[in-house]
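Labels for the chains are A, B, C and D, by order of writing; each one numbers its residues from 1.
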Amino acid sequence: MRIQYPENIKIIGVPCTGKVDVLHLLRAFEKGADGVYVVGCLEGDCRFNSGNLRARKRVEQAQHILESIGVGGERVQMYNLSSGEGPRFAEIAVEMTEKIRKMGPNPIKISKEKNGCMI
Amino acid sequence: MIVAKQKPIEEIIEGVRDYEKILIAGCNECVTVCEAGGKKEVGILASALRMYFMNQGKNMKIDEVTLERQCDHEYLEELRKIIDRYDVVISLACGAGVQFMAEKYFRTRVLPGVDTCFMGVTEERGVWSERCQGCGKCILGETAGICPISRCAKRILNGPCGGSTKGKCEIDKELDCAWQLIIDRLNELGRLDDYEKIIPIKDWSTERAGGPRRVVREDLRL
Amino acid sequence: MNTNTPSKLEKILAAGHLAVTSECGPPRGSDGEFVTKKAKMIKDHVDAINVTDNQTSVTRLCSLAACIHLKLMGVEPVLQMVTRDRNRIALQSDILGAASFDIYNILCLSGDHQIFGDNPHGQNVFDLDSINLVQTVRFMRDEAKFLGGEDIQRPPKMFVGAAANPFADPFEIRVRRLAKKIAAGAEFIQTQCVYNVEKFESWMKMARDRGLHEKTYILAGVTPLKSAGMARYMKNRVPGMDVPDGIVKRMSGVPKEKQPEEGIKICVETIQRLREVEGVRGFHIMAIEWEEKVPEIVERSGLYPRPEVV
Amino acid sequence: MDERKAAYIEYAQAVPLAFAIDPDTCIGCGLCEAMCLAKAINYDDTERRTTLSVGALILSPGSQGFDPSGLELLGYGRFSNVVTSEEFERILSASGPYRGHLMRPLDREGPRRIAWIQCVGSRDVNLCGNGYCSSVCCMYAIKEAMIAKEHSHGELDCTVFNIDMRTFGKDYEKYYQRAKDKSGVRFVKSRIHTIDEVRETGDLSIEYVDEGGELKRETFNMVVLSVGLRIPDSLLDLARRLGVEVNKYKFAATHPFSPVSTSRPGIFVSGVFQGPKDIPTSVTEASAAACAAATVLAEARGRDAKSIEMPVEIDVAEEEPRIGVFVCNCGINIGGVVDVPAVAEYAATLPNVVFTDQNLFTCSQDTQDKIKEVIKEKNLNRVVVASCSPRTHEQMFQETLQACGLNKYLFEMANIRNHNSWVHGNDPETATNKAKDLVRMAVARANLLKPLKEKRIPINRRGLVIGGGIAGMNAALGLADQGFEAVIVEKEAQLGGLARELTTTIEGEDIQAYLYELIEKVNQHKMIQVLTESLIVGFTGFKGNFTTEILVGPRMYERKIQHGVVIVATGANEYKPKEYLYGQDPRVMTQIELGKRLEVKGASDLKRVVMIQCVGSRNEENPNCSRVCCQSAVKNALHIKELNPDAEVYILYRDIRTYGLLEDYFTEARRKGVAFFRYHVDNPPVVESAREGVIVTFKDHLLQRDLQVPADLLALSSGMVPEDTEELASILKLPRNEEGYFIEAHVKLRPVDLANEGIFLCGTAHSPKLISETISQALAAASRATTFLSQPEIVLSAVTANVDQDRCAACLICVRACPYDVPRVNEKGASEIDEALCHGCGICAAECPAKAIQLNWYEDEQVLSKVEALLEGVL
């Protein structure tokens, strides 16, 4: 459908969102990502029965951790949509981008720049 | 299995705030099975701590290791070569593992990363419940296989108390009354008459009251 | 007349009288007069007064000290003792302490869980349970020995009681549990307050079928309801309490200001019905923070005057 | 409803997803041909005649929606807010003219009240000549109402005006009830003939007579005409040229016992051209037609197939990665936005990249040849293609690698078109940067890729058919006639199943004669083995290699059968009613019993017969419609009328569901004087026994009073109950719904597959259905089974989960998490995942608390390498 969406979205493919490990989500933030979202099949419509429900739990777990360490739990989100919902995909991309813009960059990044320390 | 749960990340952060080199040590036994301190949890905690301290502008070295068991010398020995590189170890093992590590590496501070809860079972994924308090003298044979010591809020040996309501314990409507379970099972086994046998005053000396316990099997020692 | 102890309560029961006991809760402070004041209101209408032991796990003046106050004013106390807070050393020690003041009655209980009280984060003990405590007192009295086996100089002379709840779950073991307490050595039983008389009667019948009414003295518990709200609360919130809908309806059927009187009426009617039940040997009137009404209840129930025993 | 450009893609799901030129809109400039870099357009292309020599032909030309312009009183074309159901679908669609926002055409206002008018162009001999029921409109109307309610921003009133609600498909009745009870869609029993417009508002006013005969008028903001299906005249022409007969409604003429065969041998038919039907039935029938065609062609199978020789795989495990990156321009699709040379140049700077190139079309055949050359020349051992979607092109590139002896899993794609140039076309600079990011990520993963071995397992070419009824026997013949062995397992002593109880079809065809012939064919077939009085007691293995243990015969001797597929055809039975004095009064019987009775004793002694519909269906115990009972009643009623025209027949019904061409028989029954009375579920007929007959009391809604009818016979249109398959389902681990019917893998897309691979489903074990439908479905199951069996071996994807048994804590989390029950803890106390059974979802890998499980090709490090490459230098 070629609906335009913000270019800051980069997609990493997995066979099922159930494959998304909370460690993968955290690693992205550790490396400086400003936001991550997981896009799975509609609930109740997972090709692998419950993979997307598990993914939602992983996202919630990551949200909780990110919130408690001051990075911001809202930076990671879960969305569900079917393969026929191109416009919704673009809408989500916009929505997520706006949400993250409002939150500002990953605070780790800011802190790094300020302190100039090395890993 | 020993069931533990993760400590709040805030508490762990407070504990290691003043150090620079941290080793997070998981255990591949009980705490892996109850998803509190296996390799994956080690990874999650390490990642969270790294992010937290980066955000604080603090340069920390945070490494990860997961031992097969922390309650055995030989496995703990694997840390010998590297332990001096760290200011502090966060052990995600149960209390036994944390202590054994602390005993072994006297000069290194060892902090617990989980709260050790009880010996219990997996009711379903994500739900564990207590079954045993290790009293040292098992009476399950007399109580239809249900332990009033670990499962009754008052450890009443001749129950139920007056708080048993509709099969649930007075302290928590979700909690089964152990004595109801015992009675149901006795009934099922056709042994309800056994209920009237008074369980005598218990000898608690084999429990923690008798001081730290040891099991020594001379036949196994050389 | 065959009695095991110098207890007045035991004597009255052994003489075949319907016994009347009541209770008072000690204060949350050290004012001993609080107890004696309450006792004065009711002492002439009851045979003995129970003193509760940190009931509902709320810390109060200790039961033993309050019993001593009663004893000193010439009232017969029933020392309630729970196993929640003391191990067997402390329990035995307190029994001896009570005996040293010639306190002759003890009611053995396990006690409410501490989670309901003012120290929910505290440890509980439960070294013994209530049945074990009955065994302990009987052992100390009858064998003149400590649990550890050594002899007791001047062993306690105590009439040993236990509680029974005819209404609690699971119902199938209610009588078996009574039998168990009797087997452990309970000489008298005070029951949970009775509102559901039918259910109580069927429990008594089952107890009689096993001859349990002849092995122990059963005192039926009664509590006057102060209001419809209290009736509902007891019905819905208090574990092991059976308040039939009829009672709740009857209470809420009268205007608020008349509800206390209705409650007392129900209480009196209950006593009158229960005294006809074979095996009921007396009443334990628990007028919670309403002790002043006990004389009226006793009188209206035809239980006054109280018999004299030597 | 909207304008479209001359070059267009018909709809988002079109296959192939390619542009076409609309000659009505095209201005004829021909510029497109010059502009197309792929040279995919031949603008001056003209019709060409091609001759193909084929052994069989399948017709599935479909149908058209009925055009309601001719029904003037409905106002379509005159009133803007009267739309067809097809137009309404577009209104609801996210890619439609209003982008999925619910608006009415006149003023683009959100409607508050919408009415659906059913049977527009269906069940109507008078105005449009279409006497048949279109079968699909009731369901789509409910669906549209439900979706409209979801899309509406405020409260939305939905009313469906219908004669009967025909939700007869599997689980459809539940959907209807949900719409009514949960979503508040209103259903009004009335046929609408006239719609008036309210001038000032554009609203529409409908006058109708309700069930009680009262005249009512209501106003709606919008009206949807539920238009039926019709066969366009152009198809008549095709049929004539092919020598294929059609019936009076222009549907291809077929016989109930050979439902996909046309009048001309070798020509088969599927879909709506065979008769009105919904998607699941069409898909099923398509497979059935394929089976019928494949049977004719069985001998020629594989004759024209060519096999490709693959070179021996080069072992690259020990080599350092040597990566080649091919960046695609995709004509101007990518190149028009992204600076492709810059991306290629950038790729060359990435770790272990030893070669980069850019191509106009990386997917073209000459580029494949070029890639092959480069792989050999530069000793590449990993390949990255930055182009389009792996979904469409990955396999092709992997084959290119394989042709050079490289393992196909040493390949990675970066989608710089769909995820980049197409969606960021307005900002070439950022698109170029993003392309670089995507390539960097792909290269990072490529560095970590390992060769993976795909397991090849020979397929056992025998099929096991469970159930020897009409479904099972047809399925077995479907396999056997194509040259595959079939074993039928039947629990009874004889073949035939429920059909043994049946007499004729509604068309008048003799079922017993058909059954006799079918059983003969099965027994005589050298490729079919029949096991009667047999019980399945054990089942192991996986698709292509199953082993089933069976206890056979009265002596229960054990047999083990190896087979590659299973077809489940366990069937169903007539419900034995507990209602209406059944079993107490001998004059009360089921329709099947009535059918037999008419056969044996005729109807001359019958003065009055009453029939009650929906006995044991559409109630709390069995919420579904049993689909066949309405036609059974009509069939028996017609038979009675034929045998004894003076006999009175009353049919008490809730909705008459003579769908498709069956509607003609309903019409005929009414014409012959069969009386139909509707009853409500909360006020069912009352039945009493009396000497003079069975007294049936029911309400006549038109007269608004109770009628009492003494009947010589009361026939109960008893529903269907599935055969008891609880044990079988647990042995084979097959999913069943609440009523006990097996659940197919996907209602529409895989209607005869079970989710368990290699197991197929047909007949009434799936849901209640007619014999003709059962035969279709049986052939379909056979077709799906042979599609699989005709392969020499199965190649299992290497994307499976792998347990590091040393690290495994045997915690059982993978065992519990796997959607397919694959992992198990072995004797050594470690989890083991059978690669033949693993579906490769990776859930276990994500959940493993010991991190002892990796999903091949998506190992944690491989996934994380992309994360890290993407975020390289951010901190």
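Assume a contact is a pair of C-beta atoms (placed from the backbone, for glycine too) under 8 Å apart; a residue touches a chain by one contact, two chains touch by 3 or more.
Computed from a predicted structure; not experimentally measured.
Engineer: Among the remaining chains, which ones contact both chain B and chain D?
Structural biologist: Intersection of chain B and chain D contact lists gives A.
Engineer: Busiest chain-chain interface by contact pairs, anyone?
Structural biologist: A-D
Engineer: Would you identify the chain whose Cα-based centre sits farthest away from the centre of chain B?
Structural biologist: D
Engineer: Just give me the whole-number Å value for how far the CA centre of chain A lies from that of chain C.
Structural biologist: Between these chains, centre-to-centre, one finds 64 Å.
Engineer: Could you put a whole-Å number on the gap between the CA centroids of chain B and chain C?
Structural biologist: Those two chain centres are 41 Å apart.
Engineer: How many Å are there between the centre of chain A and the centre of chain B, using C-alpha atoms for each centre?
Structural biologist: Computed from C-alpha means, the inter-chain centre distance equals 34 Å.
Engineer: Mind checking the centre-to-centre distance between chain A and chain D? Centres are C-alpha means, answer in whole Å.
Structural biologist: Here chain A and chain D have centroids separated by 34 Å.
Engineer: At least two other chains touched by the same residue of chain B: list those residues.
Structural biologist: Residues 40, 43, 54 of chain B touch two or more partner chains.
Engineer: Please list all residues of chain A that touch 2 or more other chains.
Structural biologist: Only 21, 23, 27, 108, 112, 119 qualify.
Engineer: Which chain C residues sit where two or more other chains touch them?
Structural biologist: Correct list: empty.
Engineer: Can you identify all of the chain pairs that touch?
Structural biologist: A-B, A-D, B-C, B-D
Engineer: Help me check something: in the complex, which residues belonging to chain B touch chain A?
Structural biologist: Listed in rising order, the residues of chain B that touch chain A are 8-10, 13, 40, 43-44, 47-52, 54-59.
Engineer: If you look only at chain D, which of its residues touch chain B in the complex?
Structural biologist: Chain D residues touching chain B: 807, 809-813, 816-817, 848-852, 875.
Engineer: Tell me, which parts of chain B touch chain C in their complex?
Structural biologist: 153-167, 170-171, 177, 180, 183-184, 187, 192, 195-196, 198, 200-202, 204
Engineer: Touching residues of chain A toward chain B in the complex: what are they?
Structural biologist: 21-23, 26-27, 29-30, 65-66, 68-71, 107-108, 111-112, 114-115, 117-119
Engineer: State the interface residues of chain C toward chain B in the complex, per the touch definition above.
Structural biologist: So the residues of chain C touching chain B come out as 84, 88, 110-113, 115-116, 124, 126-132, 135-136, 147, 163, 165, 168-170, 172-173, 176, 179-180, 183-184, 192, 239-240.
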